[in-house]
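Quick heads-up: structures coming right below.
Two complexes, one shared chain (chain A), two partners (chain B, chain C).
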Partner chain A sequence: MKVFKLIFKNALRHKLRTILTMLGIAVALLAFGLIRTVINAWYAGVEASAKNRLVTRSAVSLIQPLPLAYREQLLKVPGVQSVGFANWFGAYYGDPNNFFANFAVDEAYLEMYPEFVVPPEQKAVYLRERNACLVGRKLAERFGWKLDQTVTLTGTIFFGEWDFVIRGIYSGAQPSTDETAFLFHWDYLNERVRETNPGMADNVGWYMLLIDNQANPAVVSETVDAMFKNSFAETKTETERAFQQSFVSMSGAILAAMEAISVVVVFIVLLVLANTMAMTARERMAEYAVLKTLGFRPFHLIGLIGGESLAIALGGFALGLVLMIYVCNGFATFLTSNLGNFFPVFELKNITIILAFVSALLVGVFAAIFPAWRAVRMRIADGLHRVA
Partner chain B sequence: MKIPVSYSFRNLWTRRLTTILTLSGVALVVFVFVAALMLSEGLRQTLVATGVDDNAIVIRRASQAEVQSAIDREQANIIKTQPEVALDSNGKPQSTSDVVVLISLPKRSNNEPTNVVVRGTSPEGMRLRAEQVRVVAGRMYTPGLRELIVGKSLQQRFQNCEIGSTLRMGGTDWQVVGVFDGGRTGFDSEIWGDAEVIMPAWRRQMFSSVTVRLRDPQQFEALRQRLESDPRMVVDVKREKQYYDEQSKFMAIFINVLGTVVTFIFSFGAMIGAMITMYAAVSNRTQEIGTLRAVGFRRRSVLSAFLIESVLLAVLGGIVGLLLSSLLQFVSISTTNWNTFSELAFSFKLSPFIVMQALIFSLLMGLVGGFLPAVRASRLKIVEALRTE
Partner chain C sequence: MPNNIVEVKNVSKSYQRDSLKIPVLENIDLQVPEGEFLALMGPSGSGKSTLLNLIAGIDRPDNGTIMVANDEVTRLTESQLANWRSRHIGFVFQFYNLLPVLTAFENVELPLLLTPLSKNERRERVQIALNVVGLNDRMRHYPKQLSGGQQQRVAIARAIVADPTLIVADEPTGDLDKNSAVEVLSLLERLNREFNKTIIMVTHDQRAADKAHTVRHLDKGELV
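On to the complex of A and B.
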C-alpha cells in the first residue's frame, strides 16, 4: 500500500501541473464524448426501427410517389399483417429554417407505432377530427404548443397554409423514440390536393408493412418488388432498419470526418499527458537513481511512473465525465435552437463513457512508456550526477 | 532593454521533446479548426459558383429548392417575356425552364444507392450556362431523344455512368452519350437531359424552375416585385447566387457549429498544454531568470520574453497545422446536401481569411497559455531566484 501512497504523493508534488494536466485531459475527453454523441444521434433512427416493419417505396427515388391502389395488393401478400402509408409533408412553422419532421399518415400506420404513446382519450378525439394532429412532446415544448391549440404550417411540397388542431401529444416508449414528429390525417391532405392539384392526388410517399413474426422479411420484400416489376411505379422494399440506414449513409463522409476527429482528440490527450510525464520524469532522474541504488528493480520504477500517469489520466477522466454530462445537455439545447430538430434524440450513451474510459487508460499507459524506458535504461552514476 | 527573440527561440530548441509535444498539440487543434472551416467554405463556394450574378431563378413560393417546386408552361412563358429579361441575337429571351427530378443510383465505392439530381433542360439552357458547363467527352444529347449527359464528378462516383451505358429511370432506358465538365459547380454532380423528354417520362406537366438572364442586374428588384405580385402565379424570385447560397446554409451551419464547438473545447486542451510547458520552463530556469534580472533586465522584458516564447510555440504549431490541413485541398468529398436531398461533391477550400483566422487563433492560444507562467517569471524576486538550485 505504501506504493500507492508514494504514487499519490508524487502526483501531487507539482499540484498546479497535475491539476492543469487533468483539466486538459478532461476537456479533451469532453470533446470526445460530444462528438461520439453527435455520431450516435445520427444513428438514432436506425436504433429505433423495429424488426417486423418493412418500408415499400418507389424504386426510382424517395420523392417519387406510389399509387394508393397498391394498398389492396400489398395486403394480399403472404406474411403481411397490415399496411399503413404516409406522405412526407415537408411544411414549416413560422421560419423556414425551423425544421421538424411532419407527415400525413393513415390510421393503420399509427397502429404500427406502439412506441408513440398517446393517451387513449386524446387519440379518440384525434381519430374523430379531420384536421387534428398529433405532436411529439419535445416538439410541443420547443414551440410552446398546448393541447387543443390551432397551428398553421406553411407547405413547401404541398403549397399553401394549412391549419391543424393539436389533439394529442405523444411521448416515446423508449429513449430512442423520436419525440419531435408531427403527424396528421392523410385524408385531410389528400382532399385538399384533389381540389387544387388533381394530378397529385391519391398518391402516397411510402408504405409501411407490418409482417408476421414468422415471416421472412427478405421473402416478403422480394414478393412485393416482383409484384410491381415493370409497372410504371416499381417499388423497393426493405426493412425499416435498412431504410433508416440509407439516410445515415447519405452523410457518410461527414460521419467519417467526425470519427476521425474523435480519434484526433485522443491523440491530443496523449500529447498533453506525455508532455507532463516526460517533464516529471526528467526532473526526478536523480531520485530514480537513488531508488535504483537502494535496490529497487526496474518494474518498481515502471510501476511508479506508470501508476502516476494512470492516476492523472483517470483523474482527468472523472472530471471529464462530470463535464460531459452537463455539456451534452446544454449542447442538445444549443443544437435545437440552431438547426431545429435535426437530432430528435441526443443523449450521452454508456458506450461513449466506456470508450472515453478505455481511451483514458490507454493514454495513461502510453504516456508513461517513454519516461519509464528512460528511467530504466539510465545508468545510476549518470542519474546521481545530475544532482551536482 | 529587451531580451532578444533568439533567447526565446533557443529555449524552445533546448527542450526539444517537450516543445515538439506541445507544438503537435497546437498543430492538431489548428488542423481540426481549419479543416472544419475549409469544409464549409468548400461547400459554400461550390454552390455559390453554381449561380451567376445576372441570372434570376423563379420557383414556386415557399418551395425552398427546385425539387419541390412546380411551374406550369403558361407561367413559364409569362416569366420569360418580362421586359427585364435579356434577349439573344435572334431576339429570343435568354432563359430556360428546367425540370428537376431525383433518382437513386448505386455509388462505385460502396454500391449504396444515393440520390442524384436529373435536370431536364433546353438548348437555351445550355447556352445560358455555357460559361459554367461544357461537354468534354462524347457528345451533347440530342433534343427529343432519350439521351443524357452526366457531370464529370458524378461520373467518377457512380456506376453505370460511362458513355454508352444505359440508365433505367421513369420506367424506360436512357442512353448516356456525353460527359460535361461543370467546373467547381453543383452542376458537376448532376445528370442532364432534354426537359421535353424527361417530363412525359415522369408524367409531369410542370417545370421545376425558370432561370432568366437579366438585361441589367440592377433591374432584379423590379422583376421580383412584378412577378411576386402577379395574380397568375405564386412564386419566389431570387438572384441565382442567393438561391444557391441558401442551398448550402443548413450543411454549412452544421459544419460550422460543430467545428467551432469542438475546436473551442480542443483549444482549451492545447492552451493547458502550452501552460504546463511554460510553467515548467519557468521553474526550470528560475536561476537563469534571477541572473537576467540581476544584470539589469526589467520585469517587463522577462514577461515579454516568456510570452514571446509561448506565442512562438503556438504559432509554429499553428503553421504546422495549416500546412497539414492545406493537404486536404487535394481531397474531394461528397455527401448528401439536406437542402436539396441529393448528393453533392465538393472539396476542402483554403481561403486567405481562413489562414488569418487560424494564425490569430494559434496566437491567442499562445498568449492565453503563456500569460500566467510569464507573469510568474516576471514576479520572481531576484535574490530568491538566484539562491534556488
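On to the complex of A and C.
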C-alpha cells in the first residue's frame, strides 16, 4: 500500500509536467481512437455482412442490370434458399446534397435482412401499400421524418419526382447495422419505368441469394456464374462480405495510410511518456541511490519507476477515453447529419477502446524500461554524488 | 575487551577514469570495536568516504577483505548485500537525502517496509526513533517544512529505526549551521553512549571529530 502511495505521490510531484504528459497521451489516444473508428466505419458494411448471403451482379459492371428472368433460374440452383433483388435508386431529398442510400427491393430481399428490425404492424402496412417505404432510424432523425409522412425524392437515375409514404422506421439489431437506408417496393419503381422508359424495365441491379447453412458459397457462386456463362448478361457471384469488401478496397491506400498513422500516433505517445520518465528518473537518481542504500532491491526500483510510468499512461488513457467517447459521439451526430451516406455506422467500438488501453499499457511499460535500467545499473556511490 | 565489529584487511580501491587508473585506497587495515565512535578525517580525495562506502557495503574493494558483524561483506552478492545493509547498516548522509514526497514519519518508516513487521509495530518503532531524535511533534511534516538540522535528525531516526549494528555517517554536519551541527553531534554521541551504537563518521570538522572516541586520519589513500 505504501508503495502505491509513493508511486502516486511521485507521479504528482511535478503536477504540471504530469498533467501535460497525460494530456499529450490523451490527445494522441483520441487521435488513435478517431482514426480506428473511421477505419471501422469504412469496414462497417463488411462487418455487417452475413455468411449465408451471396450477391449476384453483372460480370461487366455493377451499373449493368441483370434481367428479372434470372430469378427463376437462380431459385433452382442447389443450396439456394431464396432469391431477392434490388436496384440502386440514387435519388436525393430536396437538395442534391441530401444524399443517402436508397434502394428498390422486393419482399424476399427484405426478409433476408433480419438485422433491419421493423415493428410487425408497420411492416404489414408497408407490404400492403405500393408506394410505401421503410426508412432507417438515423435517416428519419436526420430529416425529421415521421411515420405516415409523405416524402418526395428526386431521381438521378430514374428521373422525376417520386412520392413515398413512410410506413415503417426500422432500427438495427446490432450497433453495426446501417440505420440510414431508404427501402421501397421494387414493383413501384418498375411500374413507372415500364411507362417512362420501357427499355429499362424488368431489370434488377443485383440479386441477393440466401443459401443453406450447409451449402458451400464457392460452389453455389460457381454454379450460378456457369449457368449464365456466354449469355448476354454474364454474372459475377460472390459473398456479401467480398462484395462489400470490393467497395472498401477502392479506398485501400487511404485505409493503409490511416492504419500507419494510428501506429505512428502510438509511437508519439511513447516518445512523450518516455521523455517524461527519462527526465523524472534522471532527477531522482540520488533518491534511487538512497533507496538502494537502505536495502531496496532492483525490483523495488523497477516497480516504482514502472508503476509511475503506468500510472501516467493509464491516467492519460482514462482522460483520452472520456475525450474519445465525447468526440466520437459528436462526430457520429455530425456525420449522420452531413455525411451519413459515407459513414452510416460511426461508433466507438470496444475493440478500439481495448486497443487504446493495451497501447497505453505497453507505452507505460516501454517508457519505463530505459529509466529503470539506468536506476538498477547505477552504482550507489555515483547516485549519491548527484545530490545538489 | 570488546569484539571488533568492523575488520578491514589489506583493502585497496581504485577508480578508472577513461584510460587512467586512479588509486584511492591502498592496503588499508582497520579495526573498529563494538560500541566505538570513530571519526575518519582527511583532506578531500583522501579516500575517507570511499572507505566508509566499502565498510557499509555500497561499494566493493579491488582486493582485501571487510568483515562487519562477522559477515564477510566482500563475498556477498548484490542481492545479499542489499539485504545485509537493510539489517546491519544505518546511513546518515551529508545532505540528509530524505524523500521529499514523504512525511518525516514515512521517511523514517522506509527501512521498515523491507521487514516483516506489522503496521502497528512499524508505527511504534518509528515513534520511538522520532522520540529519540526529539521530533515526535514533527512526524507529519514534509522535509521542506523542516530546518536542515531537523531534516538531519529525521535522517538519523531513519538510520536507527531498524536497530542496525553499525551507523555510518558521511559528513553529517557538513551542510548544517553551527547550532544544528552541535545538536546533531550531541545526538550521535548520545546514540553511542546510551544505546551503545557503533558509529563511523567521516568529517572535515574538528569539532565533530572531538566528539568521537577515536580519530583516524587518511591521507592519499593510506591511514596515518
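Definition applied: the second predicted complex is superposed on the first by the 381 of 388 C-alpha atoms of A that agree within 3 Å, B and C clash if a C-alpha of one lies under 4 Å from a C-alpha of the other, contacts with A are read in each partner's own complex, and residues count from 1 in each chain.
FYI, a residue touches a chain if its C-beta (ideal position, glycine included) is under 8 Å from a C-beta of that chain, and two chains touch if they have at least 3 such contacts.
Note that the coordinates shown come from a computational prediction; the quantities given were computed from them, not determined experimentally.
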item: Which superposed partner A:250 touches (first chain B, second chain C, both, neither); value: first
item: Per-residue contact with chain A, leading partner among chain C and chain B; value: B
item: Chain B versus chain C as contact partner of A:294, first or second or both or neither; value: second
item: First, second, both or neither for A:350, with chain B first and chain C second; value: neither
item: Partner chain in contact with A:174 - chain B first, chain C second, else both or neither; value: neither
item: Touching partner for A:286 - first (chain B), second (chain C), both, neither; value: second
item: Chain B versus chain C as contact partner of A:21, first or second or both or neither; value: first
item: Chain C contact footprint on chain A (complex, rising order); value: 2-3, 6, 9-10, 13, 286-287, 290-297, 379-381, 384, 387-388
item: Of chain B, residues touching chain A in the complex; value: 17-18, 21-22, 24-25, 28-29, 31-32, 35, 39, 60-64, 67-68, 101-104, 110, 112-115, 169-171, 202-203, 205, 234, 249-250, 253-255, 257-258, 261-262, 265-266, 268-270, 272-273, 275-277, 279-280, 333-336, 341, 343
item: List of chain C residues in touch with chain A within their complex; value: 50, 53, 56, 58-59, 79, 82-83, 85-87, 91, 93-95, 97, 99-102, 106, 109-111, 113-114, 158
item: Sites on chain A touched by chain B in the complex; value: 16-17, 20-21, 23-25, 27-28, 30-31, 34-35, 38, 60-64, 90, 96-97, 99, 154-157, 159, 199, 230-232, 234, 246, 249-254, 257-258, 261, 264-265, 267-269, 271-272, 274-276, 278-279, 331, 334-335, 338-339, 342
